[in-house]
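The following blocks contain the structures, represented as structure tokens.
In the two complexes below, chain A is the common chain; its partner is chain B in one and chain C in the other.
Moving on, here comes the complex of A and B:
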């Protein structure tokens, strides 16, 4: 029973992790930008959901696409106005830029929303699914399902639409894509905005699970980073598998070594992967 | 005519401005009491830093309304010199040094929390500046033989001892206890004090573990707690940890007879963020608006302090706001007793103790940590916090079980 419950805890947590990481992975994979803003964009989405719920009673699950769209616009503006200027620059430049933007956004959110921790409280709560002795919190289950749906949607867009194919083409070979008539700058902007969409939607879903504050954005960013390396950059299925793997490993790490070392197993695995399979579990450059 | 009058007016205004500036300058140099306050006004500790600042400001306002601090026969207005150390402890130490050497402050208030207080206290000790610590409760901060550090919080074991005693006597069915502590100076030290206090009373600690800073998920630890079947669960940590743990205890139907989360129930944001799950959660704390101390300070009583705080900030004060104001009144009373701002005399007055403040009676042990009052134990009942202990200010009985 114990192991099964720990496995359930881990898979549910992993589903949340995947949802956090997928937009981050897309931007990193296609634009070669490590977007340190990602965690803060998620928190902004979570705030939008929190206030929509507080003011109009809109369920954060229904609000997720709206939060995504809002963040899509924010992402588009950021890319067109600022990030585009450093495209193709060495990684340190883009890292410094997104780091600076992240500090500004975090502090702007502290000024606007205060640093108090908030959470969406669903009334009535979604409750639990009880399978004998096993307990499955339904809010986590639904968030995981919706996150999977979002990720599947992103995968479908990349795979089956012309914009999606253009994104993949730019990722594989920017110059060749440009020669084929793909407007590379437009694709960059759309990709960055799509990453922001995923962050906003994820934030909205997470607002029923995690306390929201600008101070927590870096914790989410850290997880996204690990998952990308585990799963492979830019690979949507890789992010799903990386996220769930991390969740399960952390859960069993807690059981075997105590909560203080829960991340130890995950990071040992990460180091091993970096040595033996640096492209991650599913990372194959240019394939989607 | 008009032109002449205008010129005259202009000269008069300029003269007045110079006179004002000149006199202000002289006042600043000669008769303003300067207190240095490095605070985490931005970064992760900013909520706490802002609370302390509000506490300090309320004291300075009230003291200045009365003309300032009495020093012998004259009065000195108070000015608090703030610096933001951005929640970065090494920066707090640098700024403490700058306050003493550049800004030439007379006295200091410590930065936030046990860790930063300990680090910055070396600076005040080096320069011999009496420093009041509003938020340090770990004995490790005070056990280095320093002469200039005085803290308003009682030591961590003063929270665990009365709590363990109260539960033991009022809920004899409680036998098995689980402790989950954040691996951080204050929360971990507190968890360990709880373990000692519980074992001393023959209670069975069936689970004790610590979680790292920044934990995003407690599900597996809580699964283990559920299997250990505790009657009492004690969780220590900061507000985001406690919100998450409370939610996840609910997710796994862990419903002990007593649930203690230190210091969650003290904060309105905890109550707002966990909603109905906050009901019946207990904590110990150092001060509560239900406190009923009469005092010899500018606030006159705890009740009046709460009233003035609400009038200024439109919210209920919690123990962090109150301890911020408490270091202010403590400094003021010590200066007034010493009749001077001479650091040696004020240090001696502080060490002599016996200050009747709105925060409680304040005296200090030889190491400088407060040892003169009993911290209250509170519980959230139907959305309101009630006081269970000490008996002098109790306004409700302990409610067992969780909804």
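Moving on, here comes the complex of A and C:
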């Protein structure tokens, strides 16, 4: 019974994790850039949701698309103004650039919002769902459902719209896509912005169940890494399964090794996977 | 007077100034100079793997923290200072050789992440080993039994020796067969394999080289500051700062990391010492400006401030295509 409860907790957490990682994975796959800003963009979305809730009482669940749109614009500006200028540069250059941007954004957030932990307190609280002996916190359940809905939405956009098809085409072969008349730079900008959208929306959802602070952004970034390597780059279903897998692993890790080691498990797992299966459990070869 | 002579004269003058400094300047200057020598050693070390070999390693913090803790624990067990530092270097170099074997077959982003994660794993392990390392409370060390002035001289010259050996190694590597092999890997690893360069062995050597001085410096730093804790010793900024310094000076060059470390420290001490609450933000801004406008550093081939390129990317691209 305990194991089933832990499993449920893990899956509930994993839904949100998938939503965080899917934008990160998209940017990595299409732009070949590891966006170290991703965690901070998510926290920015969470702050937007927090202030919208505090000032106008807007429910963070409703605010998620708005936070996404805000971050979409931020992402568009970042890509067009800065990141586009280093496209195709060696990994060191792109990684260091996003690291520098991340330092600036984190610092700006600490100055603007202070490092205190904040949390959206829903009034009235959503309560618990009791299934026999199992407890399902409703806020987490809704967060998971909405997060997976967002992931499915992104999948649908990539799958069924012409912009989405163009993004996938650029991911597969940039030069061939350019020859087919795809404006690669525009697709880069849109992809980066879409990644930021997912981060912002995920942050808005997160604000209901986790405390918000600029200091936590790197923990979420680390999780996004692990999920991408778990699920393999370039596959949205892979990221979804990777996210849920990480959530479950963390829950059981907390049970067996104590809460201090739950992040260690993720990192050890990441290192092991990188050494033995760098293309992920389900990833295809050929993505560097 | 030709340029080579002038260059040597300036170098010699700098050496004399460095040697005389602890007797000429006050404690603050000696402390800053010690930090500069430490930065030199870190940047020169990163240059072995990141500059010569072209592998984006973020493992510096892992080597630094491991060296600090090995040195600190040994020193607390009563080992003589210098021996504890050397032992830390030895442990770190073995550690780097083993992990290098495991992760150097990765390329690009995957290598970068794997090297980044090593520090996180080590930090968590050391956090957990409370009985030996003090865990999150940190590790206190005893200062050597001598006067304050003598102490500051001891650490100054210790850092200077490590930095000098790292520089000498760079000069040697620059002309050696090994260095040539590493440069082949940097240019094109597949082609290097084709012409018979044993890339796996060479990369492991480069990775180990990039670790040994960092480990020793970490141990010296621990003795110097008398206190270390996991989040400080394995801080990711320790991995990033040497990269910024090396890029600032010119990656893959011999003296680039030294100039870079000097400039970086100058900026750190003059500019953002005065803006403590935006310290990391200003560092981030420096990184972004550096990458956008001066990606090849001061000594890099064809390096020029690229403000014009940033303002008019299309025209610059046309010029490149035309030439």
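Note that the second predicted complex is superposed on the first by the 263 of 288 C-alpha atoms of A that agree within 3 Å, B and C clash if a C-alpha of one lies under 4 Å from a C-alpha of the other, contacts with A are read in each partner's own complex, and residues count from 1 in each chain.
Operating definition for what follows: a residue touches a chain if its C-beta (ideal position, glycine included) is under 8 Å from a C-beta of that chain, and two chains touch if they have at least 3 such contacts.
Given the structure is predicted, the values throughout are model-derived calculations rather than measurements.
Enquirer: For A:204, is the partner it touches chain B (first), chain C (second), both, or none of the two (neither)?
Expert: neither
Enquirer: Is A:117 in contact with chain B, with chain C, with both, or with neither (first, second, both, neither)?
Expert: First partner only, chain B.
Enquirer: Examine A:274 and indicate which partner it touches, taking first as chain B and second as chain C; both and neither are also allowed.
Expert: Only chain C; A:274 stays clear of chain B.
Enquirer: Identify the partner contact of A:79: answer first if only chain B is touched, second if only chain C is, both if each is, neither if none is.
Expert: Neither partner.
Enquirer: Looking at the overlay, does A:9 come into contact with chain B only (first), chain C only (second), both, or neither?
Expert: The answer is first: A:9 touches chain B but not chain C.
Enquirer: Now for A:137: first (chain B), second (chain C), both, or neither, which partner does it touch?
Expert: first
Enquirer: Where does A:107 make contact in the superposed view: on chain B (first), on chain C (second), on both, or on neither?
Expert: In the superposition, A:107 touches chain B and chain C alike.
Enquirer: Both chain B and chain C contact which residues of chain A?
Expert: Shared contact residues on chain A: 107, 110, 222, 260, 263.
Enquirer: Okay, in this complex, where on chain A does chain C touch?
Expert: Residues 28, 32, 34, 82, 85-86, 89-93, 95-97, 99-108, 110-111, 222, 225, 229, 260-261, 263-264, 267-268, 270-271, 274-275, 278, 288.
Enquirer: Okay, in this complex, where on chain C does chain A touch?
Expert: The touching residues are 50, 54, 56, 102-103, 106-110, 112-114, 117-118, 120-121, 124-125, 127-128, 240, 243-244, 247, 277-281, 283-288, 290-292, 295, 310, 313.
Enquirer: Within their complex, state which residues of chain A touch chain B.
Expert: For this pair, the touching residues of chain A are 2, 5-6, 9-10, 12-13, 107, 110, 114-119, 121, 123, 125, 128, 135, 137, 140, 209-211, 213, 215-216, 219-220, 222-223, 247, 250-252, 254-255, 258-260, 262-263.
Enquirer: Can you list the chain B residues touching chain A in their complex?
Expert: It is residues 42, 44, 46-47, 180, 183, 209-212, 214-221, 223-224, 227, 239-240, 243-244, 247, 250-253, 269, 272-276 of chain B that touch chain A.
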